[in-house]
Amino acid sequence: MTSSACDTASPRCSSMMEVCEASSVSLREFGCEQSLLSRPDGSSSFVQGDTSVMAGVYGPAEVKVSKEIYDRATLEVLVQPKVGLPSVRERSQEQCVRETCEASLLLSLHPRSALTLVLQVLHDDGSLLSCCLNAACMALMDAGLPMSCLFCGVTCAINTEGEIITDPTAAQEKESRALMTFAIDSTERRVMMSSTKGSFSVHELQQCIAVSQEASEKIFQFYRDSVKRRYSKTP
Amino acid sequence: MFSSLKRRVDEVLLPGDEFSFEADDTISLTEPAKPEKAVCGPGLRRSGDRLVVCKSGVLRHKAPNVFWIDSQQRRYVPAKGESVIGIVTAKSGDVFKVDVGGSEQASLSYLAFEGATKRNRPNVQVGDLLFAQFIIANKDMEPELACIDSSGRANGMGVFGAGGLLFRVSLGLVRRLLAPQSEVRSDLETLFPCELVVGMNGRLWVKSSSIQQTLIIANLLQSCDTMTAQQRKQLFRKVQQGAL
Amino acid sequence: MAAGFKTAEPLEYHRSFLKENCRPDGRELSESRTTTLNIGSISTADGSALVKMGNTTIICGIKAELANPTVEAPGKGYIVPNVDLPPLCSSRFRPGPPGEQAQAASQFIADVIESSEVIKTEDLCIDRGKLCWVLYCDMMCLDYDGNILDACIIALLAALKNTQLPEVTINKETCAPEVNPEKRCGLHIHKHPVGASFCVFDDSILIVDPTAEEESLSTAQLTVVTDEEGRLCSLHKPGGTSLSGEKLQECISRATARQREIQKLIDKVIHSVKTAQ
């Protein structure tokens, strides 16, 4: 940055895009930016290859009386597709993301308040649900909400030859005979969420979980690096 | 435990990172064994025999044994004893409702002003700005403000006078401004004389001799948020020279 | 006394039972509720089934309609599943458009149909590019007491097995389809997917076939769908606390056992209906 940049420095450019290279478990290039929106209390955009999702978190804010829960915060997740209105598919994604976030957030620390997480799909090129999960986790972290652990999403596809492809593109998803998305937690690397499509054997499932756990290490390291970078920018 | 915490001071930690209570490897025979006690501030939680990080941020340490996580949160969560700038939104019976930017509006009794009695009500209107401190703030109860300290004195708190400008900055900047040897504050002092009120809820109120100067200060502080110390010094120097 | 304890401290109440390896309704942790099945309950539908698992009651009706296939898949028909959770079945549901749970359940059933290939959509094609069957599978909950996903899958499978489609011929001259309601034939069911749902209590205790109360107190839910070959069609865990691989394995083996039980039950019911006729 040149010195003139600071005169016009936009108030929210605390972390720049960054990139992680893929190695043994092949993941596409990742990118993440935190607190890029000015209105939400926490925001992030997460890029996996060409798949890109933006997330915004509001809260803890005032809650509608009808949705008030006396001993914990109410979490609402909205998934906005790139085109059209949210449909049944988005509802089921919302359910998956919401329940995963609920398990990792310490909601009992903010009773009778509302948290709203909005996920805007910018582009879908496969592994959408895992990208949503990653964007959600980064946004929740950015909002400074108390969490017991982090989580990340990994999508695995099994193609017709029986090979496991992690983080598949839309084309690879289409050719695959089974598709699984897992959310892995950061403390014990166990499965928090699972959503599958297609039929597969128990052995294949276990392989996919093992591969996802391996991939999660990388994603968590990427989380750490991007948060570090963000904090190194500010004095 | 202590050593493992100290080793990671000033490091960036993420939720889920853990510290376990580990017995010291060597036991001193000469000194009596002292139980270690660490005081945990925001972002650290005890879970069984471990200490778990629950917010992302930088681990800070204050001698002798206080640890906390310095995070860049934007939503204010009320805490007892903190001074905030609030906006009166409603009068209902004996209390005022005050918006402080948290999840719930805080209440403020009309008796919680200096010299207020049942007869002599303070002159507070809806829309007024207040500087007050929390006397009740916990997750299970409605937060309550007071404009007097424990000895019944205003001590700088109360309704703001006319003029001045209210604006929002990040919670991180507010904490930096209030730090004992704040660089931002000392830099600001070199510019023009001004009256600055800092609310822990991220609200700042500035009043200066002219509207122009007030606006310059507000803009400077808002842009300070994401600048390094060097960038800030450069910018302030420019303003001093009259470039802006 | 017990009723008061249950209302005031529902979680503690359940925990005290789980400590003794049993549940408030007398079941063991890995015991399902009694499942009863009635098929052909709706005479106006092309296929129907009523399932009761404990108090949970789901009725599934299948209506076949003629339609034009889509341009992308000219040789395929389609199946439209819908799960309805009306206010009748529980006070937690409000009238109006379907809530998140109903929509998520509909999506889950659609995924199971697609993943398991219970019916090949090619079988529903009558005339390539021109005419095909659409199967509207409506699952309605009459009494909600937890674990609707399992009940929905059983109801759907039994209703599909009960479905009799009329023969359709295309008139060569007018090109109009002619339906012969006298001559009917059943659908070809390729696979028999059956689900088994689990709840996780206090992050570690697994219980099978949860009731509504157990579901609301649990920290995670999990549904495993398997077919008769032991292949998994779905491992649906919409979040909640994490599970280790061993626990998952336990769930899967329980699910395969459950699949055998339910398939036996369906075959038995169908057989008894046939012999009664």
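Each chain carries a letter (A, B and C) given by its place in the written order, and its residues are counted from 1.
Throughout what follows, a residue touches a chain if its C-beta (ideal position, glycine included) is under 8 Å from a C-beta of that chain, and two chains touch if they have at least 3 such contacts.
Please read all numbers here as calculations on a predicted model, not as lab measurements.
Chemist: Among all other chains, pick the one whose mean CA position is farthest from the mean CA position of chain C.
Modeler: B
Chemist: By C-alpha centroid distance to the whole-protein centroid, which chain wins?
Modeler: A
Chemist: Just curious, how far off is chain B from chain A if you go by their C-alpha centres, in Å?
Modeler: 30
Chemist: Please report how many Å separate the Cα centroid of chain A from that of chain C, as a whole number.
Modeler: Measuring from centre to centre gives 30 Å for this pair.
Chemist: For chain B and chain C, let me know how many angstrom lie between their CA-based centres, rounded off.
Modeler: Each chain reduced to its C-alpha mean, chain B and chain C end up 54 Å apart.
Chemist: Where in chain A do residues touch two or more of the other chains?
Modeler: 185 - these are the residues of chain A that touch more than one other chain.
Chemist: Tell me, which parts of chain B touch chain A in their complex?
Modeler: Against chain A, chain B makes touches at 12, 14-16, 18, 43, 45, 47, 52, 54-58, 71-75, 77, 102-105, 139-140, 172, 222-223, 225-229, 231-232, 234-235, 238.
Chemist: Quick check on the complex: what are the chain C residues that touch chain A?
Modeler: Residues in contact with chain A: 100-101, 103-104, 106-108, 110-111, 114-117, 219-220, 222, 227, 230-245, 248-249, 252.
Chemist: Considering only the defined contacts, which chain A positions touch chain B in the complex?
Modeler: Residue positions touching the partner: 3, 6-7, 9-14, 35, 41-42, 59-63, 104, 106, 109-114, 141-150, 185-187, 223-224, 227-228, 230-235.
Chemist: Hey, which residues of chain A end up touching chain C in the complex?
Modeler: 88-89, 91-92, 94-103, 178, 180, 183-185, 188, 190-202, 205-206, 209
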